[in-house]
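The structures considered in this document are given below.
The same chain A turns up in both complexes below, where it pairs with chain B and then with chain C.
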Partner chain A sequence: MTMIAPPGLGTGNGPAASRVPWHRLAWVTWRQHRAALAAFAVLAGLIATAMAATGLALHAASLRHFSSRSQWVLLDDTQTLLELTLLLLPVLAGLFLGAPLVARNFETGTIRFSWVQGANRTKCLLAAVALIALLLALIAVGLGLEFRWWATPLLVPGWAWRPDLFGLNPPAFAGWIMLGFSLGVTAGAAIGRTVPAMAATFACYPALWYQVAARWRISELMRLRQAGLHSRFSALRSGYTPFWYLQRRVPAWLTYNPGGRWAEYQWIEFGWLIAVSALLIAGTVILIRRRAA
Partner chain B sequence: MAPRASDEIRPTLLREVVWNTWRRHRLALFAMAAVFAGDAIVLLFTGLHAHAVHDSFLAHRCLTVWNSLCPQLLNHMGNSTWVLGYLPWLIAVFLGAPIAAREFDTGTFRFANTQGVSARRQLAVTLVILAAVVMAASAMLGLLGMWCQDPFLRAGAASASLSRWQPGYFQITAVTLPGWTLFALCLGLLAGTCIKRVVPAMAIAVAGLAVFASLSTGSAELTGWSRGGAPPQHVTLMHWLLSMSPAAKRGHTLQVGFPLGTFRHASDRTFLWPAGQSGPEESWQVGGWLAGPSGQRLSGAQTRATLGQIPLHVATKFSGVGGWLAARHITYWIGYQPASRYWPFQAAVAAILLALAIGAGSGAVWLVGRRR
Partner chain C sequence: MTIIECSGLARRFRLNWALRDCDLAIPAGHVVALVGPNGAGKTTLLNLAAGLLRPTAGRLTVLGGERPGSAAARARIGFVAQDAPLYGHLPAGDMLRVARNLSVRWDDQRARDRLARTGVPLDRKVSKLSGGQRAQLALTIALAKLPDVLILDEPVAALDPLARHDLMGSLMAAVAQDELSVVFSSHVVSELERIADYLVVLNAGRLQLAGEVEALIAGHRILTGAGGEMSLGSQRAAVVHASTAAAQAHLLVRMPAGDQVPRGWQSQPATLEDLVLGYLRDPAARMLPGQAPATAGEVAVPA
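Right after this comes the complex of A and B.
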């Protein structure tokens, strides 16, 4: 059977595009991706449950200053596992929700059917992206808040500034999960095949995260607003300790960001991550509009 | 006499199946080759740098005199295990899971499985070829990784309690890494054959490998903690394996702060000298226990009861506990695996992974023959 799409149909130019209400498209999105969304929700639920169980036990124990070594072992293991799982969550969103979103339709050829329906392809894509992104953002905010509750009594003060943990706080975590998802969607639309799109997402996201967390955030972003302070203490430099400076009465300058600015930087990170995600989705829209049905 | 048809067909078919395997998986193989090459380049540069820094480490006499420069030098020697640690995951997800699942997902199995070669033989040949490539590449990367980590471990063993017995190093040598990659490949293949859809099979492969890795080397000791503050039960497969028939010697000092009862020290995370113990170099402590005056091993309850009698002023004094126990003819013993058993244990882990891989691979081949 051969189907021919008349010119204009499915590209957003026809009057049919406005006839399909958004809530219907949300239902279609849910039907198409319910297995992946349910699996992701189950994973998030498991993480949340594990965090709650270990958090309650560790918070109670930490009030007694960890009387046994087994509590240290639990803290050590839970912290490692939690951080790793939470850091991987945006990659998993990109791999299993983002990359197949468009690529699977290309690969199986269902675009020939789905793009010639009452709702145009742009509207279909935006409805799917918006619904999934909203669910992911809710999950990210929930897990981010719970991680703050879990970590604050257990980790050293100032842990939220740590390069690897800064992005696990609610606003930034929501931004990173959006970016992972958008990256997957764009890779899927650009490559048109699911597994290579997943591989591309897997290759790009960790590299980007590492560049931002280890370098760019500290060297560029957090210098946007920093205070100067005259101090006798300085960072270690080529083996010389602060004692070396003290002995020689060398005044050293230290620049820092006050703790009150942490939330401001969280929102800055959220803002640029959402902006990049929006650009990626806009690029995806352009890609699929140019593609023949 | 005219040659029989089977004499001519068999080699032709084998060649064609091999060619067919290459054609179908060339993209994945190219991608994996790129990953392996990238890893090799990273390891090569890290290794050259680490060896140069190690020379500087020795020049600063850091093995004998710990000065302020030593920690930085040790840090600069780096830790390259992450480069190798994620390989099994990539192989399970991007190579193993799609092998059979893609055929079912796209429907091409209806065509592919009705050719002159049976579906089982096609899959078996594909698996053997991919397994050979993956194992050879992993073994070479494992060798490179060992060379790369060597200075870090040599320096760290003397100063920072690092050991090649630790899971992070033990699992990525030239012996165990091929075992892990082969197992990951077969696990992904089995997931794909069972589920018949690529993306869910990839997800299940990740989950399966995560569970297995956690049980074998990871954080499975959480289960023991919930028993009312009881000592952690190290239930990881690696600990169970390394605890087999350990050598025993008199312990030097007993530290009360360590887990009581079973007296298992954190064998999967500390070096031989964690609690002031001394023992043969490069060996691995797997446990500790108290022995009574007649040499019999005290049970967990007896140990707790004995240690409960130690007065606080003795327990807080350095080496006070040792003297208190010695006065009562109670001795502290440690169990350890000598350095000479390192490679036999490596071979044992590789053999276990190989057996599991053969089981998973055979299961997948058997399953694909049953599909209609």
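Right after this comes the complex of A and C.
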């Protein structure tokens, strides 16, 4: 007879003291979701490979050598496709990893299996969320760093501040992946059905992204201070470079954000995204603790 | 020790009461059959005991005072929900490993031996198993947790007669080996007598009958006669259900052993099936510990 724990049959107090360790719950999460995680990793791998291939070409031939129009078109198309794919990645995390996490268990009835086992429902949820979030964060940081490397030859002043691209850099990108995933988890727990939860995630994520990218980033990230001309311009509203003004000796008051604050803003955005994700997960915990199976 | 004890227990789903005014104390050491028609509240009661639902009113404890769903209760109760929900995309062997990793106590060798004995292939996905194999897998997982109490919700409802027989046979073997207490719900009344030694009948969300099978059978008789006025011997006696067939009245009578059979009536022992069907056909009839019979004394029986 093989025992994992002493039986303590009939005593009533032995098993209560025992708890299911976190690493065992992590294994259960991995076994249940490894196919979806592998698919997500393959997708990330494809993006990384495409970025590496085009990035190497970009780095090998500096922009000066992009003489022909067709090369520019190719670069432009690649950049657009890449940015779009990366922007979509957090939604995909929400749709295919977040939304089914709890909702599928409700749909198939397996919640009536998992909620009566040794680990309580909160611990089961947190173990699953933590493991998947960790793997997603690793993927996000990797892709974000690669994107920065990829875009280096294209560096024009202020590119990294562009409201639509700011979130593709680590650590903000990791925050967005967390948000997409958490949104899916919460929608799944609240709705209890996978496809409607996916639809809700798909509807809510772009709305949140727009709020941050098109509103917060423009008003806060670029919160422009009244200042004189500054050589370390990094954020521009008009498209005129400081050089343009200097060349023409135009005295102008411009508003700008020093380039050195870029990392600070990255962490601010990351912090907010993680805080919102944590709130969503806390809400999910409350939901499933109250919810009947 | 009681394995399930409740008082004033009620559970409402929106406007519908699935369970009302439920007072019950099931002692340990029994195989308890929870019987009732569809929608009687059996699943609700068992889900409340497993901690999957919370009561709307009243209180419920398991294992002699534990809160349902608490760590101690989860560790000591093996629960198999209706339709034996398991992860369909996993092979049976991996399903075992998942259950093992979710459990505080686990006997892996016994689980594997049991699956080999019952012919459940470990490499086949759960969704590809037959209904009987799936039920055996769910029961194996519940037993491998080395529970003190096994709660099974309609374990045989979806099984063919052979699989039903096999499942109940292996359940009985496990009960004999481990001295488990078992509570199972069923709306199949034909096989209860050889399995259960404690009966709880639920009907339309209310408890109708609860007690040890032997005592219940000893306390009921089937009376057959021409009908008319009948005087029951004692105040403790009551007609539970009356029916007429072939110009004869058939009564299920609650009648303590030793009471005189009324004149003009023939008496024969009631079977468990007679008892269950008799009570279910008359939802007003009740026989619960500590409660007076619903009808007593002089009764008029249709001729």
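In this section, the second predicted complex is superposed on the first by the 234 of 293 C-alpha atoms of A that agree within 3 Å, B and C clash if a C-alpha of one lies under 4 Å from a C-alpha of the other, contacts with A are read in each partner's own complex, and residues count from 1 in each chain.
In this section, contacts are C-beta pairs under 8 Å (C-beta built on N, C-alpha and C of every residue); 3 or more make two chains touch, one makes a residue touch a chain.
Keep in mind that this is a model prediction, so the values were computed, not measured.
S.K.: Figure out whether A:Leu82 sits in contact with chain B (first) or chain C (second), or with both, or with neither.
M.R.: After superposition on chain A, A:Leu82 lies in contact with neither partner.
S.K.: Figure out whether A:Ala39 sits in contact with chain B (first) or chain C (second), or with both, or with neither.
M.R.: first
S.K.: Just checking: does A:Pro100 make contact with chain B only, chain C only, both, or neither of them? Give me first, second, both or neither.
M.R.: In the superposed model, A:Pro100 contacts chain B only, not chain C.
S.K.: Quick one: is A:Ile281 in contact with chain B, with chain C, with both, or with neither? Answer first, second, both or neither.
M.R.: A:Ile281 contacts neither chain B nor chain C.
S.K.: I'd like to know which partner A:Met198 touches here: chain B for first, chain C for second, both or neither.
M.R.: Touch status of A:Met198: first partner only.
S.K.: Per the contact definition in the header, classify A:Gly118: touching chain B only (first), chain C only (second), both, or neither.
M.R.: Only chain C is touched by A:Gly118; chain B is not.
S.K.: Just to be sure I read the superposition right, which of the two partners does A:Met178 touch: chain B = first, chain C = second, or both, or neither?
M.R.: Touch partners of A:Met178: none, neither chain B nor chain C.
S.K.: Which of the two, chain B or chain C, is in touch with more residues of chain A?
M.R.: When the residues of chain A touched by each partner are counted, C comes out ahead.
S.K.: Both chain B and chain C touch chain A; at which residues?
M.R.: The answer is residues 35, 108 of chain A.
S.K.: Show which residues of chain B lie in contact with chain A when the two form their complex.
M.R.: Touching chain A: residues 27-28, 31, 68-69, 72, 90, 93-94, 98, 102, 106, 198-200, 202-203, 218-219, 221-222, 224-226, 229-232, 257-259, 266 of chain B.
S.K.: Under the definition above, what is the set of chain A residues touching chain B in their complex?
M.R.: It comes out as residues 35-36, 39, 54, 57, 67-71, 73-74, 77-78, 80-81, 95-96, 100, 104, 107-108, 194-196, 198-199, 202, 236, 239, 241.
S.K.: Looking at the complex, which residues from chain A come into contact with chain C?
M.R.: Checking each residue of chain A against chain C gives 1-10, 12-13, 15-16, 18-20, 24-25, 27-28, 31-32, 35, 108-120, 124, 292-293.
S.K.: Sort out for me which residues of chain C touch chain A in the complex.
M.R.: Touching chain A: residues 47, 50-54, 63-64, 66, 69-72, 74-77, 79, 81-83, 85-90, 94, 97-110, 145-146, 148 of chain C.
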